[in-house]
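Look for chain A in each of the two complexes below; its partner is chain B in the first and chain C in the second.
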Partner chain A sequence: MNAVDGSAHVFQENFAEELEEELPSLLVLVLDASPLSWGSQSPPISLREAVASLLVFANSHLSLNHSNEIAVLAAHPSTVRFLYPLPPSAVEESGSSSNLVRDDSVDPVIAAEDADESNIPTGTSMYKQFRVVNEAVMDQLEDLISKTTEKDITSKDGGEGVSDTSMISGALSMALAYINRQTGGDVPTTEESSAIKARILLVSVCSDLAAQYVPIMNCIFAAQKMKVPIDICKIGDDTVFLQQASDTTGGIYINLDHPKGLMQYLMTAFLPDRLLRKHLILPTQSSVDFRAACFCHKRIVDIGYVCNICLSIFCEPPVDGSCSICDTIFDPRELADLIKQPVLIPLSGNGQKKKAKKNKTKRNGDYDSTPAPATPSA
Partner chain B sequence: MSDSDESYNEASSPDSEELTGSRALSVGVSTRSTRKSNAELRSTTGGGYVWEDSIQRPWDIVQEDEGGSLANAIADLVQANKRKRLFYEQTPLQRGIIRHLMLVLDLSSAMADKDLRPSRYQLSLQYAIQFINEYFEQNPISQLGVIGMKDGLARLISQLGGNPTEHVAAIQALKKDEPAGVPSLQNALEMARGALYHVPSHGTKEVVIIFGALISCDPGDIHKTVATLKAEQIRVRVVGLAAQVAVCKELCQQTNDGDLASTYGVILNEQHFKEVLLNACTPPASTLNEKAKSKSGSELMRMGFPSRVVETTPSFCACHTRLLKGGYLCPRCNVKVCSLPTECPACGLTLILSTHLARSYHHLMPLKNWYEVEWPEARSSKTSACFSCSKPFALPSVHTASTKIRIIAGSSTVSSSTRQEKESLATGRFRCPTCRKQFCIDCDLFAHEVLHNCPGCEAAGPSGRQYSTTAKPAGEILPQTNAGSRFSSAPISI
Partner chain C sequence: MQAPFTVPAQYSGKKGVVNVSSVKRVFEWRPASDRSETGDASDQAIVIQLADLSSLQASPATHPKARLKIKTKTDSQFVFQLPTRPNLEALKTVLSSAIAASQQSPANAETGSSPPVKNGKLTPKPTENALKRSMSDTELLSNRELQQNLLKSNSDLQQQFLDAVVKQSLPAEEFWRTRLPLLRMHSLVQAQNRGLYNVLASIKPVSTTQANSTGTETGQAQVKVSLSPDKIKDIFRQYPVVNKAYQENVPPLKETEFWSRFFLSRLCRKLRGEKLSVNDPVDVVMDKYLNLDQDGLTLEERERENENTKVMRFVDVEANEEDDSQKAGNQPDITMRKTTQKDALSIIRTFNELSQRIVDVVQSEAEQPEGETEKLKERELQLQDLEPEVAAPRIELHLHRNNDSGFSNSDTHTANGNDLSAAKVLENVNNSLPHGPVNKLLTSTIPPASTISEAQSQVFGLIDDRRHTEQAKDITIDAETPSSDAAAIREMKLSHATAVEFLHHFWAAFLSCDAARAAGLAQLAASVEKSRVRLLAIVDRYAEAGNGVGEKEVARVRGYIGVTLKSIEKACRTYKEILKKQQEQQSSGAL
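Entry: the complex of A and B
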């Protein structure tokens, strides 16, 4: 069927082998729809611009292969929602209205997007599948954003302040569950065995995910098991756990230097599927931040204290001497060793030290006046 | 479609009947008698040997429906199987996360048999390599060693250590050898005991034996060894390639607090061999003794989570003085090391990938079981599709019209009419008790077996999790962050 598709011919010459293996792919787009983060982007790219680029990207994905599929999820601070395909309940609610829209009266938002972002003509000449996706995504997103209340974005733990953290872990969980349904639930045993290849692209804007550490890690391992790469398109500051997500699952992580050029990043780096990526040199991360979040304060730490029974991470030895996760009581002597601070010998005391060690350090006397030898840095 | 299915089944069934017949004949003598079905294997827990149970034929379980088609029956069988798996251990089991395991390979002449392809010997070496890789994947901070049984002796093939490549290389080297002589379980167990003797108290001590022979040629009384193993809390698992052997049965039973079903597996075929062996990769639940012991020996370990760097110019790693362009930097002293886990050569800090630790967290915080929604509730609820995958739920009218479920899978033959009634009325909706979202059966399985998250709870955000927070008064030790409250609201029983 795909042989009819013109795009396949281009590859036929160079990638004859791949063509045989070329399978439809399912792309799950996860859009971080945190209203505050989008509002505060310093090199501004508005949510509207970003969504327009994403829709063009989604359409390109659909046009690459006749049986390619797409799903779009929005992660919001208070909920996660399927933007496309619509869950049956949402269809019932908004179905009648969107059907009307599709007929003739083009939604002004979509019309505007299409007009200024791409030259795809609006109206009847547009490929139907594109319209269906675009309209569903726009409708649902409008609905989601307009229904956001102050309560959704206020910080829940303290009461004061605002929280801009979207439920990324929930969105990833749902994306994986959806992929599980679409791929029939069997974990592919080899690289090429699953019927449809799935991947996840997460467009992330908020940076603080420490509270979701464990669920996100669970998602990462599930994705790794299912051989689903998680690509991260990061706008704004780096997020530790998302770097780990793409690194562990074999996805691409790009922190956009120029968020305005989102479209180009999407089309050049994220559009090629797994088979094609083997032949490309992609601009992915080279170094990965492997820090973890402590269980006690959700701080991100690079040196932590680990309970040897349950492997929970703490940023400081617990005050009461027991693990707050598994209630193990630690050996008090060992604990005292950990709490002990190193004693600093003041530099001015060098002279006295020299005297004391006189006979020992006689030969090395010259070096002794220098400060403590620097650790051999790599 | 259904026609062709049917004809296939008809054609194949007499064939397989013959097969089982011949198996039944060779019962006492041969080894094949044990390779029947999973269900029978499970029934070994009853105490008798597998071949003492009555024979269950797969075609007795499946029945045709009115139209004479098996398609429905098969679909229902699949559903029933899914249902059977729906109940998970949800008390947060304390599991031995730091493990020490000796893998014992049978290299005796019994392994030359070709009943497994290409031969028992080659296949078990191949699976042993897979086992080692999977073991270190799931237990990154654990240790493993390999022992071989050959010519009545036990040979140390690779030392207890944390580097999978060394073990794999040692096993690869064995592939050129030929199996020979008789195995000695006692020698191998004693050697394993010696290797595990110095293991720190907070780690588990385990032995996994791949045993192809039906005999063991021992220098002394193996029952004494078994008793010592039990006293030293070394747990033994056996994967039998032939038939059940009494001494293995006793060995597993004695060293695992009487739990035989999950520790002694006799394989049915190649695929089953792999499953049984790889089951041993999951960290075992701690026994009572171990819990008591670990209480005293527990400590807090200071660990560093280094970040990976890539440099433009190569520099030496501190551990092997190799010239490399990348590596991991110790967070305390910035020394570069080339692989993890390791100890910083400069400051002695234990360096580990945080992802290694995170892999075991789902054992610690198991997902709650979801309960099935009854029809009255399902009818009144507005949700018509699974929350996480948006698969539409079956409507009441459709479902009651469908044919009754006749298949009750495997050994759990509950054929009472009430049970059938219940099954046919199943809504296929499952509800998470925390977020009260509804899910389909596939998502239930997926969430509990693969994901270990509830998509509903994660998606609901902090407001959705709120009431688990309110259950506990504002904490003094733990600040009331959301995830923190989730951990603390489910105290772990030890």
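Entry: the complex of A and C
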């Protein structure tokens, strides 16, 4: 009787949600718009090509599933801005340049005939969703860059050089907040809830983020809690903390050997969404640089000192005997232990090592590199 | 397990009787006359704990009077006069053996062996001594026996020990110094004893049709029971009534006969808790003990004992009998009835009693002082819902996070090298902005095919690497790996472990900044250097062996070893630098 029963073809409720591949996903693209890197004499890839590849990538993401969503942010040395979707205030500002950004229901062909002040050639038919995103991104990016003054990008301490660091930590925070809003807030339910799944892709060109260690680590932990993978597409030199970001959150980190082929990288490595990744071997870099930055000078350290109360990292033992972050006073004998020099030649009668109980500072571990074969435990 | 020893003796002129009881572990002297005159101290009995005795002295054999002087640990002494010399000798032997026995038991507990069997009662084991035994680091380090034992039980550790200590001359003390937790845990595990359990339930008669049986014999069916001396000891401990029967009957009966009769008798069935029907064989000897309870006491004796135990008022049924609703009504439930004959419920009662004893033994080991338990019980019984909420005391941490807002102020000159001015940079960027119609832009910026394939191959290379790592995690040395490979892998693992071991000890000694260890430090540095050479040699040998091992494999292995080599080199380098500096200091200071 079962073979004859034809009820299998009947569309059941929640059918779509039950199929994993049908769940929508949200991609948040963070573009590092640091003018110095893009505006150098010979950047690894020109901004034009990079933006084009990113737009193709964004379009293909949207085409995978009807309910997929996308958001684009730009991180700039002085600000972070949403390129898409536009906040209401920005829509009014740019209302004159392109009606299509604001008005979804207008038929593209008719609107194209009307909007003769815009640059869009008539007669081209691009899928409306794609066009909306593409144009918003390009317009906003142009707006952002062209309005950058020299003051914005010089280093803050008054030096001559141009500042390379963009507000990556700010961009990550905004992305996470946006994701939190879109996925319905802090819902402590299981993974199978039909909320939209989100991930972040960061295209980064600047190399030094040591000054932003603490905020970036906070963002990483927040993303880990929210189960949002952070993928990093790195152009140029390796950045210290971004490897940790992708490693902790389960994302993909690739340092492009051939930046001109950015489009190819994006389409092969970064396109699969969260659900699909469970079944794939991820093309992420195996070695992770786990070094941290010290809290006092923002220097990168691999062996350092950690306060055992507030867990803040220092590169040298505190001079005044107390932690500068949480104000705990350390045992002076323990501090003396840490400072004293090793004795290699047998002298007569040197200090003994004392074991004090309270507020011991400990040493940080070494930095972990290529995974070595398992060692039998000592 | 001696019977109490009595002998008449005189103490300060009064006639009396000396009683040495190894059960109660006391030495007693009671005056012969019970009429004690008004509070005269010398008429009272003298009770000395055997544990308190420190020494005995006897008057020489030629002396007409046989006197025995007993000294206690608290430096008081008693002089007893005994009627005859042989009496004196006998008392002396008894006392000295008793003293030896009481001194033995704390020593026994220290080495962790099972406690001596006490006659008749399930008394708590002398584990206080065992717990007080110091687990200090120095003791563990010097306890060779414990270390040997641990090595024997853990073959991995043994291999490491052989390699490091025997072959590479790492001092054994260093080896154990980093493994103190292991030693401590092992000694704790050794000190554990098996707990009590229901012995009779574990003895199962096996029926066999063989002609010869060492156990019981009945008319036709032959039933075999295996009894080890340990089991017999446990039976005596748990069922003192059996012990009593044994003591009183064995000289006439043979042992085997006793046990055979016991296991067939009604007594055994009663102790197991099975119902006694009329069909069970009647055994004249054993049935005498049917009426006694497990401890071997009669009902009257049991009552007397029960009088002395305190019952908590909360659960005291007898004291609460006035409130008993069942008193004048129906007969209480079968579990609540007071029957002298233990019939259907005997199994329940047996188990309850047995469990109670086992719990008592354990509880007495972990007992708190009397007052504490009462207070604890009261506190737990109190209802606390209506109490005002007490906030948990927390220490607030105030973090100074000013540093965070001040970022991007350090020097951020890039590796760009071009060092362009800000204006030029902006110009460049504005030029490279995408303009124009979107679709034209997108179609015109497709990268060339060669770049695409290069990018593709990088991605696939990464995937490949990952796959290898995933697979490599599951590599174990099983029967399928070619033997040369397996040997090589094992050797590499071992030498790696040894190298790590030496590094560990080196850094521990180095960073302790302890002048006393400076000599050992030099030796450790030399060993670290040696292990580096060793590692390199092994990898070279592996590479040369070939065996169809490709270049990539060898490169990968070198990569793995390279990590260890890097840390070894760092250690050697640091040591040499500091050594040079200190030598210079010393020579300049000496000048």
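By our rule, the second predicted complex is superposed on the first by the 281 of 378 C-alpha atoms of A that agree within 3 Å, B and C clash if a C-alpha of one lies under 4 Å from a C-alpha of the other, contacts with A are read in each partner's own complex, and residues count from 1 in each chain.
Going forward, a residue touches a chain if its C-beta (ideal position, glycine included) is under 8 Å from a C-beta of that chain, and two chains touch if they have at least 3 such contacts.
Computed from a predicted structure; not experimentally measured.
Trainee: Quick check for you: in the superposed arrangement, does A:Gln244 touch first (chain B), second (chain C), both or neither?
Mentor: first
Trainee: Under the stated touch criterion, which partner chain does A:Phe221 make contact with: chain B (first), chain C (second), both, or neither?
Mentor: Only chain B is touched by A:Phe221; chain C is not.
Trainee: In the overlay, answer first, second, both or neither for which of chain B and chain C A:Ser63 touches.
Mentor: neither
Trainee: Please indicate which partner A:Phe330 is in contact with in the superposed arrangement: first for chain B, second for chain C, both, or neither.
Mentor: The first partner, chain B, only.
Trainee: Determine, under the contact definition given at the top, whether A:Ile309 touches first (chain B), second (chain C), both, or neither.
Mentor: In the superposition, A:Ile309 touches chain B and chain C alike.
Trainee: Quick check on the superposed pair: does A:Glu135 touch chain B, chain C, both, or neither? Answer first, second, both or neither.
Mentor: second
Trainee: On the A-aligned overlay, A:His258 touches which partner chain: chain B = first, chain C = second, or both, or neither?
Mentor: second
Trainee: Return first, second, both or neither, reflecting whether A:Glu49 touches chain B, chain C, both chains, or no partner chain.
Mentor: second
Trainee: So chain A touches chain B in one structure and chain C in the other; where do those two contact lists coincide?
Mentor: On chain A, the overlap between the chain B and chain C contacts is residues 77, 156-157, 163, 211-212, 214-215, 286, 295-296, 298, 309-310, 324-327, 375-376, 378.
Trainee: Considering only the defined contacts, which chain A positions touch chain C in the complex?
Mentor: Against chain C, the touching part of chain A is residues 35-41, 43, 46-49, 51-53, 55-56, 77, 119-121, 124, 126, 131, 134-135, 138, 141-142, 145-146, 148, 150, 153-157, 159, 161-165, 206-208, 210-212, 214-215, 237, 254, 256-258, 260-265, 268-269, 281-286, 295-296, 298, 309-310, 324-327, 337, 340-353, 366, 369-373, 375-376, 378.
Trainee: Under the stated contact criterion, what part of chain A meets chain B in this complex?
Mentor: It is residues 76-80, 82, 85-89, 92, 151-152, 156-157, 163, 167, 169-171, 173-174, 176-178, 180-181, 185, 187, 211-215, 217-222, 225-226, 244, 248, 286-292, 295-298, 301-314, 317-320, 323-331, 334-335, 338, 375-378 of chain A that touch chain B.
Trainee: Write out the stretch or stretches of chain C touching chain A in their complex.
Mentor: Touch residues, chain C against chain A: 156, 160, 178-179, 397-401, 403-404, 407-416, 418-430, 432-439, 441-442, 444-448, 451-452, 454-456, 458-460, 462-463, 465-467, 469-470, 472, 492-493, 496-497, 500-501, 504, 510-515, 518-519, 521-522, 559-560, 563-564, 567, 575, 578-579, 582-583, 586.
Trainee: Report the residues of chain B in contact with chain A in the complex, numbered from low to high.
Mentor: 94, 97-98, 202, 294-310, 315-318, 326-329, 331-336, 346-347, 349, 353-355, 357-362, 364-365, 382-385, 387-392, 440, 442-443, 445-447, 450-463, 466, 477-484, 487-488, 491-492, 494
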